[in-house]
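The letters A, B, C, D, E and F name the chains in turn, as written, and every chain counts its residues from 1.
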Amino acid sequence: MTAICIQVINPNTNAGMTDTIATAARMAAAPGTEIMAVSSREGVPSIEGHFDEAIAAVGVLEQIQAGRQQGVAGHVIACFGDPGLLAARELAQGPVIGIAEAAMHMATLVATRFSIVTTLPRTLIIARHLLHQYGFYDHCAGLHAIDLPVLALEDGSGVAQEQVRARCIQALKEDGCGAIVLGCGGMATLAQALTRELQVPVIDGVSAAVKMVESLVALGLSTSKRGDLAFPEGKALSGKFQTFNTFAI
Amino acid sequence: MTAICIQVINPNTNAGMTDTIATAARMAAAPGTEIMAVSSREGVPSIEGHFDEAIAAVGVLEQIQAGRQQGVAGHVIACFGDPGLLAARELAQGPVIGIAEAAMHMATLVATRFSIVTTLPRTLIIARHLLHQYGFYDHCAGLHAIDLPVLALEDGSGVAQEQVRARCIQALKEDGCGAIVLGCGGMATLAQALTRELQVPVIDGVSAAVKMVESLVALGLSTSKRGDLAFPEGKALSGKFQTFNTFAI
Amino acid sequence: MTAICIQVINPNTNAGMTDTIATAARMAAAPGTEIMAVSSREGVPSIEGHFDEAIAAVGVLEQIQAGRQQGVAGHVIACFGDPGLLAARELAQGPVIGIAEAAMHMATLVATRFSIVTTLPRTLIIARHLLHQYGFYDHCAGLHAIDLPVLALEDGSGVAQEQVRARCIQALKEDGCGAIVLGCGGMATLAQALTRELQVPVIDGVSAAVKMVESLVALGLSTSKRGDLAFPEGKALSGKFQTFNTFAI
Amino acid sequence: MTAICIQVINPNTNAGMTDTIATAARMAAAPGTEIMAVSSREGVPSIEGHFDEAIAAVGVLEQIQAGRQQGVAGHVIACFGDPGLLAARELAQGPVIGIAEAAMHMATLVATRFSIVTTLPRTLIIARHLLHQYGFYDHCAGLHAIDLPVLALEDGSGVAQEQVRARCIQALKEDGCGAIVLGCGGMATLAQALTRELQVPVIDGVSAAVKMVESLVALGLSTSKRGDLAFPEGKALSGKFQTFNTFAI
Amino acid sequence: MTAICIQVINPNTNAGMTDTIATAARMAAAPGTEIMAVSSREGVPSIEGHFDEAIAAVGVLEQIQAGRQQGVAGHVIACFGDPGLLAARELAQGPVIGIAEAAMHMATLVATRFSIVTTLPRTLIIARHLLHQYGFYDHCAGLHAIDLPVLALEDGSGVAQEQVRARCIQALKEDGCGAIVLGCGGMATLAQALTRELQVPVIDGVSAAVKMVESLVALGLSTSKRGDLAFPEGKALSGKFQTFNTFAI
Amino acid sequence: MTAICIQVINPNTNAGMTDTIATAARMAAAPGTEIMAVSSREGVPSIEGHFDEAIAAVGVLEQIQAGRQQGVAGHVIACFGDPGLLAARELAQGPVIGIAEAAMHMATLVATRFSIVTTLPRTLIIARHLLHQYGFYDHCAGLHAIDLPVLALEDGSGVAQEQVRARCIQALKEDGCGAIVLGCGGMATLAQALTRELQVPVIDGVSAAVKMVESLVALGLSTSKRGDLAFPEGKALSGKFQTFNTFAI
């Protein structure tokens, strides 16, 4: 088994969350897999809406470029909105997986219907859009928000974590779902204990995405370069985006 | 009638295309409407894929911010992929309309089914995604690409324009559609002549979007600030995105 | 700017509601737009179901014919079920817009999800069908009925109006929506005050439709006469429908 | 077995087509079923678009009222666009079935996918809308038009009939369908011979609808009077629609 | 009128339920129709999940084969999950109708939206899947389970029957539906009394399916043998499935 | 890394195909994964329709039971129709993945739209149904059949293999897809060479499913036993199905 390196990108700039994500990724990684955890170099400290997603996408793309130059085998976008996913697939040579995508896919493999528990209510629309885009809208039994900001997960108090747990229990009671998807990269390390306690699959997208990248790499499958995911057209970017020009495709 | 100013944003950096877009916007504008045509200050010279869209979104958001500071009444995003649309709506006070959105909406008002004619085949997937997002997938009878890059529309030869015309004719013959949507901001000035020649509505999104912004402004309707389109959470951005921090909301 | 005349058709025969509709239409109209408000000459006093819609469609078509003969630039069908809309488009030369259609379109431009507040519960199915037909089913967060007949809006007591307000507030609380669509022509004049009070877009279709007709006219876009919206086949009608025969196409 | 009477309504005014429809209905009727075939007293000689449908709906409703006063057990609307179907269900006491509805339902019971063969291309959109409304859009493998007007089926030459046959053969070859739905009441008598010749179910809606009404009557099931199909609200109609007022509900 | 024989197959092995089903079928049958009620010879005593469905499908297919050899005119699969329906259509010469299918079709003919009342919550997902497959997902207003096993309907206490009644009343209150579909073959004999008491169509699939088979037979329509419902490919089965080999097609 | 054993079930009884499937599974398996390849003990020699699927499901379930008793970590159902998938999930303790499911999921991770190449045309409907069930209908750009029976892949001539290759090339040309899904377990060993030759991801479900099971096991995620995938209700089966009774849950 050849060792591979997977780049796990935290699209926000919060180092604590990058650590959380790295921990979850490393726990999931196979023996031969190295996890290179990075965060956006510049951008937003947390991602809680459409604007944040748009800004974060650029940071993701810069890291995709860097990761590709370093020869990583594949990439994970570790924010539940999967910011920049299709753009990243254009830029990348290897596979790119978003954590919302990974968690939703995995959920449909172990339950006929799943619910989502996320942070702020304003991010629910992003989950809805992804459910439509990935084809899982009818597999989703309910969408729940704990109504705390993303960074409450990093404040050390455990309040947000307890809220997540309470919402999972509520979702199981109300929605008739068979699994729960955790809707934030900052919740990554909660999944295993909740799975054990609640006796249903509680799915974290970070670890799920790591396994998906490993799987695709092992299968010799990478992002299709035929059609709309082909490398960008090779035009010169200007201004603060010139860094992308050094990227010979 | 109070005069209003509408900011029309060309999300790419091509000045020629900004001129084309400005011309179409001004032809459509009501007497009391001033068109302020701008392009992304930095970014990609043309937008032909997911990567280009992600980069262009930042340029759009910078202009939205600038436009809002200048007190414009509303904004048009003049690229057929509507890059950054929902993010722009978060950032803006007034209404924001994308030209794909505008053209598709208008098409459903004058025909039961419409076809789309765009530039490169790789952009068709973006149009498909927007049709799903806006709810018009079943109203679309066909998607066509002339297989020329966006900037071929600016080379002065007229070859791309003739290809657009030929594809419109083909779409009418094959698709059983009642209207055509032109799938690129660079085609904006072709719509009127094609409408006359082909005797069906051939719809340009730039002019359509200008009228939609005018309409919303006249109705006193603006982007909802309740829920997911509320202003961004007000967190400090870092690095090259710090410019957004100067934006007191 | 050339002056244009828009025919606003109240599909029922209630003069008070025609006045309400005319008021809303005139408030929305641009300086150069004349509003010609008419009601069905014969038919039902209010429209609250499929039967009422079917009857009202004939009255609408008679007015479309009359309006066309008088040279109006476009037509608005001012009942939330949009009775006779596609038939009217066949008959008309200019654009024809229904108020449910107009309000729903506008709502999707200012919010990611909207709710509808209408009169009798039995009309909700009509709104559902229109949401499907126009493509906006997934954009609708909730459907609400005040459980009062349409004409309660015309009784001068203000009770129905207060019920509408209460239901809007409830919808905002329960549905997680960003905008409200008022589901009856008789509510047209309530939208502006509710928008101000509730601080979300509360959308009346009458004024929205007027702006849409103005927009289409300004863009030189009219109902496609290619395909299924072409003028009727020109067959002689019999009996009480003979009046349509005088209509040389 | 009690004898029952089913009213079969030809929504157009063409007596020849009423005869064709009556013949098909009587061939399908059970021994104890009497077929009362009527046509719209006033209206359009054939139905080939949205306008024709809207006019025809009134004629249908008048006959529904008459049929109910005569005590018929149920009603068939024998035009492939099912004009006035939901309005008729409001007005009727017994079940009301449209022939497009009936044929589409039956087709899904004998094949996983079916195709439709109809008359003028402009009517295809009506079939599309019904497929969506009834839930069968994904069960339809293709829509075909012979490009001849409805009344060509009544000209005695057999040309239109031969065109229908040719299109059925083409649909079977191209669409991968398992059954054909004939998309016009005037084709009703062709179904049996085509079924035999082509060795696939070729389904006529008139006979199918007769069996459905018989079935519902036998089961004691009638149009639900709870909710939106309850009788009309009982308001006085004016002008040429006053005839409906004599209808005590 | 020729006499026909319809085979009504109870896919489970419970004789009491076969009797219930036979009773409902015979009450619905036309004078010339003989009901041959059978149950799976081997299998599960009741069907309450995906596993039970898969096992029951074989018993259904054996009976289809037997019924065909006996020359029955058509077949009913009398379990609300319609186990083995498409496989049975391959094997059969005549029409095959499932009772979920039949009840859902009938419901859409008498109401714009219906609710379903079934036994265990775990079977709701099967109903959901069938709603999608048959095209009726948007016609369903609610799904309800009494949370008692199927065989509670056979225990003679009447408790389950009372629970069904209570849930029907609740569904009418909460869902805004116009009809109820009973979601279990064991509820077949409850429909008529509930229809009378609740004054809405309460639909049993057994009787509905009998009428549908009668209708198809009368129309000369049978399962299409063109395409995917053609007889199986004629390969030799092994082991306990060898019984199917004696079936010369 | 703990060694795990994955049971790969060929739902038909053809030993040659079991070998092909085992080869593909072993090539994909991680170092610590043992592949236990089995075929249905009794059933059909190949699976080419709904009937074959229904029979094969029982053989699958027997193997699931056996595999669980032997303590395998998870199961793969290696037929492109995923026969018995949800029933197998009820019966299993560990994860169960179908190869159509696995291939389709993987395809959506590397391309925005994929095409399917399968054997007989009659099996296309099964693929269509699975696309709907899994949520990927809109991600599928085309469905193709080589019109040869499944076992032609095992005849040693290479003719069927060459037909598969030709159809893949045609699909890429006509459909605008970015990846190909091979629609038969017997094609499993073709994927890698075709991926290299055609320069797009050509995806075999057997290897994809092995990686998915490995991933779920590594993540500690297994089939949800809450709700409809809980173990069967524990009723005694009769006759040839008694073998399932020995299965203490």
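Simple rule for what comes next: a residue touches a chain if its C-beta (ideal position, glycine included) is under 8 Å from a C-beta of that chain, and two chains touch if they have at least 3 such contacts.
Which chain is which protein? Per UniProt: A, B, C, D, E, F = Allantoin racemase.
These numbers were taken from a predicted model, which means no experiment stands behind them.
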- Message: I need the common contact partners of chain D (Allantoin racemase) and chain F (Allantoin racemase), sorted by label.
- Response: B, E
- Any chains in contact with both chain A (Allantoin racemase) and chain D (Allantoin racemase)? B, C, E, F
- Topological distance between chain B (Allantoin racemase) and chain D (Allantoin racemase), in contact steps: 1
- Note on the structure: Among D-F, C-D or B-D, the pair repeating the E-F interface (over half the contact pairs identical) is C-D
- Message: Relative to chain A (Allantoin racemase), which chain's C-alpha centre is the most remote?
- Response: D
- Looking at C-E and A-F, which pair shares more C-beta contacts? A-F
- Message: Rounded to a whole Å, what is the gap between the Cα centroids of chain A (Allantoin racemase) and chain B (Allantoin racemase)?
- Response: 29
- Distance-wise, how many Å sit between the C-alpha centres of chain C (Allantoin racemase) and chain F (Allantoin racemase), to the nearest whole number? 52
- Note on the structure: Multi-chain contacts in chain B (Allantoin racemase), i.e. residues touching at least two other chains, fall at 86, 89, 112-113, 121, 124-125, 132, 137-138, 176, 227-229
- Task: Could you please write down every pair of chains that are in touch?
- Result: A-B, A-C, A-E, A-F, B-C, B-D, B-F, C-D, C-E, D-E, D-F, E-F
- Which part of chain F (Allantoin racemase) faces chain D (Allantoin racemase) closely enough to touch in the complex? 121, 124-125, 132, 137
- Which bits of chain D (Allantoin racemase) are touching chain C (Allantoin racemase) when the two form their complex? 13, 41-46, 48-55, 57-58, 61, 84, 86-87, 89-91, 121-126, 129, 132-133, 149, 227-230, 232-233, 235-241, 244
- Message: Touching residues of chain D (Allantoin racemase) toward chain E (Allantoin racemase) in the complex: what are they?
- Response: 1, 28, 30-31, 86, 89, 95, 97, 101, 105-106, 108-113, 134-139, 172, 176-179, 192, 195, 199-201, 203, 207-208, 211-212, 214-216, 218-229
- Give every residue of chain A (Allantoin racemase) touching chain E (Allantoin racemase) within the complex, in rising order. 112-113, 138, 176
